[in-house]
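Below, chain A partners chain B and then partners chain C, in two separate complexes.
Right after this comes the complex of A and B.
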């Protein structure tokens, strides 16, 4: 019995390794081809739609100024652009800083959330702005994001040239990658996520996930969907599934780039990622229950990706680790021997190789320092994720049983350190 | 020999690492077993593939190779069909994989350095070509540049339905002039001619040193209606020349011109050939 369970666990891990290799190749192929249509697409940028950029902000005084400075430099006709800072129950100077920009730039304005939507989290804030604006396209940026000058232009370009796309999603990079060992790990992780998960899935399955920032969505689609789900902790993933279920797709267009701040301490990282993990688990469980009623069955690829990652893969890793450790102290008849060790070695080598491929795509990131960080990451950061997923699953189960309300955790920001 | 330039040092460093990494596996693998010999050959093939196609291609092929090898190893263990010759201890598999990935990194880096150098050399060669495209005596563009510019102008004229006029001026008895007055006077002659021509033409007109003793003048947006006036002006400025010793001499030229009309369906070589033939009988 122990052997059977162990084989199942190892098989799940092996399948995940194969799937990620497949994704990595897709991501690289997408990297080679995504810029080719741009000259032709540029010809379709004569009649531009109106755009609203939503920036939900709750106590973001440390970062909002640099964000709005980047917004003031966006390349897009200013008579067709409005930037709305959604000041959601801030107790610091967020509103004051944003108002200063609003006075200087007519296309920037501040929206204060009011009861009953005040302080209820990002989804609620975004819905307030949706009700208070009327542009054809809605773009969302987190308050710590500094988009590149052409980011909005390229997001709109993706939508203008792909009528079947409900949304376009850009790429995000880590602005504080050099600060701590943790931000270095996160930097590597985000590069892998962009090119493997987003790029790879887009290439093979025409599937991409809204990442919560640096994306553009058609207002008409948002209104049909009734806006953002205020109960979801991962409102971006939840919106993704509903968009696909409507029969549209989401285009991954990494030409639109934004730079965002990532957690610099473990405690902030833990809280943020627990929210993400819980949010994604909520989404997976919500839509898997409705699988038979889903209109677009191909979305199952996205659901299974999350299901595999958050449930099956980690389940396989935890089960195999647990059986291995138990067998050290109590003979449960485990006779697998070398197989698990070979699989472990294979997983390590493939992890190294896949990460190096994605780092090679971001030219300056493939260096010896990052190579050492990748090795260290395997034994530290990746293992932390296992513990985090288990904890978030237990919290999610507890919430389902007790029916407790979800509380939005706002990620702590860090001041820019002087060089 | 000191390796002064950075790229040479990098090439040397990565090259040495690559050689060490490619020599390490035989020590562990080549012990008379065919399977391990095959593994070593495949490793070398991937290294050379990386040197040829670059880092990412090498990494992707390494990953596919490692996955297949690992799966094969798992299968042989699982099915119990492993024969002692195909068994590979975990340490050896891990070490093999790491050497493979490091070797691919080193090979990829070498390939990157060589490609960068190649592109740099190409750029330098182009810079040199551009630099020597200017004739040192007159400051005009040379024949190579003239041909490029004329071809461009012909295409532009075809696209936008413009006309342009191209004049060739050949200085007669130039070799005798050089023999009689020397190189210093010859250089001064071209310098003075260039100054006068530049002063008389519009700034949008282009000037070329076509041959040793020939000058080409590209007059944009000009038809042959004004050719007589142009020739008169050229005659006024080019006929008489003052030598460095103060004496004045009269120069003689042969000339020809074409007025290019859109879509004339003739090549540049045909037009130049026609102009050369016409010049034999036409004086300024």
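Right after this comes the complex of A and C.
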């Protein structure tokens, strides 16, 4: 019995690890090839579409200024660009700061949300802006983002040259990586996620997930979909699946880069990631019932991947850990030989290998300090995710049973520390 | 007669005596002929048992009655003619047997076709309930033959509920004796050696060859108990014979492989080096597999628990046979003592009964199985019980025989000195197949290991390649971002 449970655990864990390994190689190959068509695509950037950049902002006074400063420097014809700060029920100076920029830059404006969308969260805020704008392309940035000068240009380039693409997603980097040990971990995590999950899935399956920020989507698609799902905590994942179900794909184009602020304290990280995990669990549960009716096989596969990640993989990890601990104190008759220990070591090496490849892609990130952090991360940060997913799942199950409304948690921001 | 001629005559005489001695020795080689008549022309269990018993003391040749001629029998000193169904004895054979001058014994009703039995009377079929002193567990239908009283001496009577009839008789005026039937599956078998020495003049040796086979050795064996039992035997200089089940199957179908108990395997190897004889005791029909697993674990069995092609020696479990014998090219070691299953008085009593019976069979082998889970204390009791019988015993060491195991992939030769010569020819594919059969999931894990190792290697090469060849910076780094 113990053997059977252990094999189940190994299976659940290794299916994911092997899949990620496969994705990682795809991410690496994508890195080596994604820039090649840029010269040709650039020739197709003469007749540009109109673009609206949406920046949902709720009490963002700490970060909104630097965000808008970055927006003011965007490389895109200003007659075809508008930046809309969606001031959603802020009680601080967010509106004031945004208004100052709006006065200075004609392509920046502030949109105050009104009832019934006021203070309902990001999806509602984005829907307000969608209703209040008319450009052909919608680009979304979180309020803590500082996109690089060419970011919008490249996002639009992706759409201009790929009629099958409903959206283009760029890459985000951590601006406050060196602030705390936590932001260092998150920095490594985000680099790895983007090259492995986004780059790898795009390379092998032409699938990418819309992140919460730094993505461009065609208005026509958004309108066909009826905008963002206001109930979804992970509105980006939810939107991804609906886009694919329409028959379009989402292009991962890491040439478009933005820098964003990540949680510097554990409590903020916990709240933000719980929202993400719950959001993804919500999406899986929502679309699980429609599994067989979804049109695109690739997205069914991707949904299954989410299901595996947020339900089965963590179950496997917990089961494996439980068996390991019980076996320390009580002989449960595990007969699996040294191979399990070797695999355990190999899983660590695999993690190390994967992270090192991605850090090397982001050239300056592959240094001794980060190498030490990567090793520590395996035993600390990665393990924190287990607890977090279990907690999120319990909350999501509770929500399903009680039917209580989900309260949107807005990530707290941190003031930029003087150097 | 000159002096020279005298010495020549003496030498010739001496030579003749030596030659005669040699001739006698050669005749001794051809001691007993068994002639059989069976419905299918094959030897049956009774005949095999008889042959084994006789072979333990004299040389025996066996013929179907159809092949018998005068010439066949001339060189033999003794003749046993056994028939198991009523049929006319071929004329040639009849004449040859009637002309036979040595001690002869006829078994079965066809005997009456021979001249010496001319005056015998047929009786109707009767239900035998007892032969000599041995009661039959179930009555056996038997066609009784009655000898003329004045010419035959009855040695053993058989009984029905109401009457007694002669069962074994010896002629007072000829070289012939008669036995009603062999009935090797009944306890009558215990009286065979005594009867055969009476009717054929065969002398059985008194010493009993004995051996203990430790059974139930598999992956789940309690090593401590095994060690204690081995120590008990070793302290008494009793040869070690270990019946090993390399693939042990539970009733629920789950399999346990001996190599999963590494300490046990290591200990068994050390015993093998110390001179223990290993016996393959496979589960079900998995003989080849089991043998190959043992060999891969450097455990080299030279005997198998039941006769099978490829092994020159085998045990004969739950045997009614008394003597070690050669059968179809196999040396057979009978396990003829009831296996003790538990340390209860009843079980020990059964063991004592088995011994008591064998005690009446001169020179019979005493093959004792002993499950190792019973441990050392009971073994001590068993040996004490054996010693208490005061039977003359000679411990047999299987390792001191020339044996061979030969299959497609394995060739194990054991010399009389105990030396083992092993040749294995397992391909990598064989080993992989066996490993996969044994641990399919673990093989998958090893496959994963190989694949992942390759990928880890690729990732480190990728990392190296990126660090060496990434000349142009593709992204603005945050340090430059400001």
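Going forward, the second predicted complex is superposed on the first by the 408 of 419 C-alpha atoms of A that agree within 3 Å, B and C clash if a C-alpha of one lies under 4 Å from a C-alpha of the other, contacts with A are read in each partner's own complex, and residues count from 1 in each chain.
The rule is short, and it goes like this: a contact is a pair of C-beta atoms (placed from the backbone, for glycine too) under 8 Å apart; a residue touches a chain by one contact, two chains touch by 3 or more.
Given the structure is predicted, the values throughout are model-derived calculations rather than measurements.
In this overlay on chain A, chain B clashes with chain C. Greater residue coverage of chain A by touch, when chain B is weighed against chain C, goes to C.
In the superposition on chain A, contact of A:362 is made with chain C only, not with chain B. When both complexes are overlaid on chain A, the residue A:205 reaches neither chain B nor chain C. When the two complexes are overlaid on their common chain A, residue A:257 makes contact with chain C while staying clear of chain B. In the overlay built on the shared chain, the residue A:41 is in contact with neither chain B nor chain C. Of the two partner chains placed by superposition, A:378 touches none, neither chain B nor chain C. In the superposed pair of complexes, A:341 makes contact with chain B only, with no contact to chain C.
Legend: residue contacts after superposition of the two complexes on their common chain; A:21 is shown touching both chain B and chain C. The clash between chain C and chain B in the overlaid arrangement falls on one stretch of those listed (74-82, 92-100 or 452-460), that is 452-460.
Chain A residues 14, 17-18, 21, 24-25, 28, 337, 339, 342-343, 346, 349-350, 353-354, 356-357, 360-361, 366 lie at the interface with chain B in one structure and with chain C in the other. Considering their complex, residues 260, 441-442, 445-446, 448-449, 451-453, 455-456, 458-460, 462-463, 466-467, 470, 473-479, 481 of chain C touch chain A.
Looking at the complex, you find that chain A touches chain B at residues 14, 17-18, 21, 24-25, 28, 337-339, 341-343, 345-346, 348-350, 352-354, 356-357, 360-361, 366, 371. The touching residues of chain A, counted against chain C in their complex, run 7, 10, 14, 17-18, 21, 24-25, 28, 35, 146, 148, 171, 173, 175, 177, 254, 257, 259, 335-337, 339-340, 342-343, 346-347, 349-350, 353-354, 356-357, 360-364, 366. Of all the residues in chain B, the ones that touch chain A in their complex are 55-56, 59-60, 62-64, 66-67, 70-71, 73-74, 77-78, 90, 93-94, 97-98, 101, 105, 108.
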